[in-house]
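In the two assemblies presented below, chain A is common to both, partnered first by chain B and then by chain C.
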Partner chain A sequence: MLEKGKISTLQMEFMIIPAIIATGVLSIPSISGKYARHDMWMTPIVGSIIGFITVYIVWKLHQLFPKLTPFQYSEKILGKVVGRIFSLFLIFFFLHDTGIVIRQYSDFITSNVMRETPSVVFSISITFVSALAVRGGIEVIARSAVICTTIFLCVSLVLLLLIKDVEVSYMLPILEDGLLPVMKGALVHTAWFSEFFLLAFIYPFINTRGKGLKSGMKASLYVMLLLLYFHLFVLTILEVSAVNQLYPVHSIIRSISVFGFFENFEIIITASWVLGNFIKVSVFLYVANLGIAQLFGLSNYQITVFPLSLLLVLLSYWDIPNIVGLVDFLTKIQPFYFILVQTVFPLFLLIIAFARRKRSESR
Partner chain B sequence: MKKSILVMLCCCYLTLTGCWDRVEMQDLAIITAAAIDRLEDGKTRISVQLFIPRAITSGETGEDPSLGSTFVREATGENLANAISMLQMNVPRKLFWGQCKVFIFGIELAKNGIRKQIDYLIRHPGPRDNSFLYVSEDEAKELLTLVPPLERYSGEALKKLTQEEKGMGSTLRDVDKALMGESESVSIPYIQMLVSKEPTRKLHETIPVIEGMAIFKKEQMIGVLNKKETRGLLWLKDDMKRSTISIKLKDGDGEISMTPTSGKSKFSPEIKEHRWIMNLNITIEGDIVQNETHLDPMDKDVLLKIEKEYETALKERVAQTIEKLQQKFNADVMNFGRRFHQIYPNEWSKVKDRWDEKFPEVEVKIMVTAKVRRHGYIGPPAALPRDEVKE
Partner chain C sequence: MLVNWNTIFVVQVLIWLIVLFEWKRLKNAPKADKITFVTILILSALLSFFQLDNLPGPMTFLDYIFGPLGKIME
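Up next is the complex of A and B:
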């Protein structure tokens, strides 16, 4: 076995929450607001359904193959050739996905905080730090996640300082155009929630068996609540003008002013988002890396980390010309693409696995 | 192994410094207020008030205080972005917008439309969303050159005036939201130079003060509410702390004045048989601060009468403001449109495109509840023989 580390379910939750939300908090509210407008606060609730479904599918697969990752059990389910092709596809998918994450992160930093620094500095630095964490194995990622996620979540509390500016009536009228706009807005969320598929790669390394489902569901619920929290503040403060903002949460934090004295909180929150993105990139890079090692039967997975990281930096610039292209991708392609790969494919795997088991039992 | 860790740590430090964006304090020109004017040939002029850090640290060591701690630079360009880039060429340090909380638009610019300028200010990462906007009665640039006797610079004086009365100010975000929203109208404080009559002070040693509200429809300024009407608007906006109201009783021979201490206004829209009605409930509590009459407000009946009178007085003033906004300006700065939209989404979608025609037809029903809470230190009128007090 390549990975000898073991983590607890709590550590898993700490890993998966920023792995979903770190980039989500940047751009989701503006996109979901574009469709759902006054009802944008409902979109995370609707979107989270995909999260719960994905967790359930992944857990069922895990129960069938308790010690294996999807790279390994896909071979058992689909047969050697097809399974390997599927694994290769998954690896490419995660590399592409990580590239987008790194791009979102570096775009955010260069357009909001450090405008004169070339974005490649941020892509390289975050990939490098994540690569170091990945080389250390899953335990290192899990332990740093505990620290980083705690800071990430605590800093999110500064939004509460905005409570005096909240105008609840902006949430009215509820469901003006029916449920369809909410569904459309929720579609953006589903891309992020489908990333709970990552749990499939973490489950085999949990030290307490049997608690995975509950903790995965809990993580999904937390992510939903966090997104709801951010959405509520964005909606009740910015109203419809949230749609214009590229990073609405960052914009509202910029305007925090307590007694005209405590100001400029955006730097603190940006720093905490960097930590969150570090965990996100680490988890994704770890999964892609583990996949390569397992697919090609390498004796350890550390050797491929740095070459892959280099590839990731390049991938983050590949195919995405600018922020317009990025938002367009996030809105129109990503939901379908991500759900297909991370929710529908695992579902097929599960069905086929059950069918095979039934057949072998009936014989 | 140890060596490689050391090398890695060094590499980390290299990436952590943010070299490209390093800014030293002495490389920054801190803008405290900015004024945007439209010149006669259609060009845009930006004037900024720049802070001189030296002036604050050295204190009163012989420098002429009337020079102040700021100076003004200006530049002209085809549009705001252009003008600002020209401005940067006239300032040896990098312009820093983070502290600029005051933007003043010249009246010419306001009448021509402010959308293009707002777009720059919102899009540019420097200016803050919660900075205040103003419209000046004359050229906006003039106001920047004023040296306030009390505050460090005129921008600060203006900011403090606005913060005292919260409903008064309009931030960049408020304006963006309002012009984007249902009503497409907004009010921005209208300011002018306070003429100081002190002979010992120079003419420019004064501050800008708020004279009323400039009313914007779409992006253009269409008129001004005077001071009295502005008070009416403030009552609508839940902010009535500073405005004393005076009333005259029928059998009194003078006025009684009250300063509101707390107040609330509630809007409840209603659509009844195709009639659009806005029910306005204002509750107000206040202290009596002056009593010119011979009446004793300690008396129950008199107090009731006073409260009644306040209610009608307040109603009248609010009604005047609303009347002007509805009939003369046809500008929905109280956000009636949004409130109707929130409660009656279906009806709203029918009139959405012709809200301009509908808004003046909205019936406004004002209900005021006034309560006198305190009388100050004394009850009956002061300096009046006891037997002349009417009860």
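Up next is the complex of A and C:
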């Protein structure tokens, strides 16, 4: 057993919530608003269906193979060769995904906060900090997640200061163009919600058995509510012009002014988003790292953390010329790609595993 | 293709720092650990020789596969 640490279900929720919304809150509202326009507040509700389905699939797989991660049980389900190829693909998927996350984060910081600093400074610093957390193991990530997520969520309450500027009539007319635009907007969300597949790598290390499904569903619900909260404020303050901003949530927080005295809240929220991204990158890096250790039969997983983080920094620049290309990827390719890998593939694994179990029982 | 010497230099420095940092652990590690460690570092060294921003890679590949599906979103 490579990982000896155990975490509780509450810590798992604290880990998985920023692992979904940390980058989601940056870019989803402007992309989903482009399609759903006045109805963009509905998109997280529709999109979260994929989240619940993914959690259920992952939980069923966990029940079939408790104490094993997908890298290990894919070998048992698909056979040695195909299973190993699938694991290798999953590792590359998570590495590439982490690269995209780091790129989104460093682009956000360089375009909004520190405009003169080269973005590589931010990518190297966030991967270095995450690498230190990953070297400590899952318990260290979980404990830092409890602190960071609490700050992340508390600071999100700053949005409530905007409540006097809220214009509810911006939400009208409801369903102006029918359901299709809402569905398209929701498809953008599903890419993020399908990341609940990460739970499959955390479930084996939970100390109480049998509670994982409930807390996974709860986490999915919380993510949905948080995204709904951000979307409602973005829609009711910026209306449809939110789609012209790359980071609409950041823009509306910049407009907060209490008595003309308390201003510049975007500094606090940016700091809290850095914490959220730290957890997100740590969880992703941990999963990729654990995968490499389990696939190649390493004696411990600490040794590959730093080389992998160096590779990640390079991957975050590979084939992404600029932020426009990245947003284009997030809009058109990511939804299909992520759902295929993180929801459809596990579903196939589950079906094959059930079929194999049935066959061995009937013999 | 233009080679960016700054990137290569920074990546080389980082690679040797990592090797130096892990040296103690690496000396007593089994063979599989050493091979994986070195392979990942060589991969990153290789990547540093290209102009990564415009080098065709995973994004181009995914665009090729999912491009037709992406038209739904237009």
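Here is the rule we go by: the second predicted complex is superposed on the first by the 363 of 363 C-alpha atoms of A that agree within 3 Å, B and C clash if a C-alpha of one lies under 4 Å from a C-alpha of the other, contacts with A are read in each partner's own complex, and residues count from 1 in each chain.
The rule is simple: contacts are C-beta pairs under 8 Å (C-beta built on N, C-alpha and C of every residue); 3 or more make two chains touch, one makes a residue touch a chain.
The structure presented is a predicted model; accordingly, all values stated were derived computationally and were not measured.
After overlaying the two complexes on the shared chain, residue contacts for A:210 are found with neither chain B nor chain C. Of the two partner chains, chain C is the only one that A:310 touches; chain B does not reach it.
In the superposition on chain A, A:118 makes contact with chain B only, not with chain C.
Using the contact criterion defined above for the overlaid structures, shared-chain residue A:297 touches chain C, although it does not reach chain B. When the two structures are aligned on the shared chain, A:255 is found in touch with chain B, with no touch to chain C. With both structures placed on the common chain, the touch criterion links A:173 to chain B but leaves chain C unconnected. In the superposition on chain A, contact is made by A:337 with chain C only, not with chain B. Judged by the touch definition given at the top, the superposed model places A:318 against chain C, while chain B stays out of reach.
In the superposition on chain A, no chain A position is in contact with chain B in one complex as well as with chain C in the other. Contact residues on chain A toward chain C in their complex (touch as defined above): 35, 96, 184, 187, 292, 296-300, 302-304, 306-308, 310-311, 314-315, 317-321, 325, 329, 331-333, 335-337.
Only residues 11, 14-15, 18, 21-22, 25-26, 29-30, 32-33, 35-37, 40-41, 43-44, 47-48, 52-60, 62-63, 65-67, 69-74 of chain C touch chain A when the two sit together in their complex. Residue ranges on chain A touching chain B, taken from their complex, read 111-118, 121, 124-125, 128-129, 132, 169, 172-173, 176, 238-241, 244, 251, 254-255, 257, 260, 264.
On the chain B side of its complex with chain A, the touching residues are 8, 11-12, 15-16, 18-21, 98, 122, 125, 128-130, 163, 173, 176-177, 180-181, 338-339, 341-343, 345.
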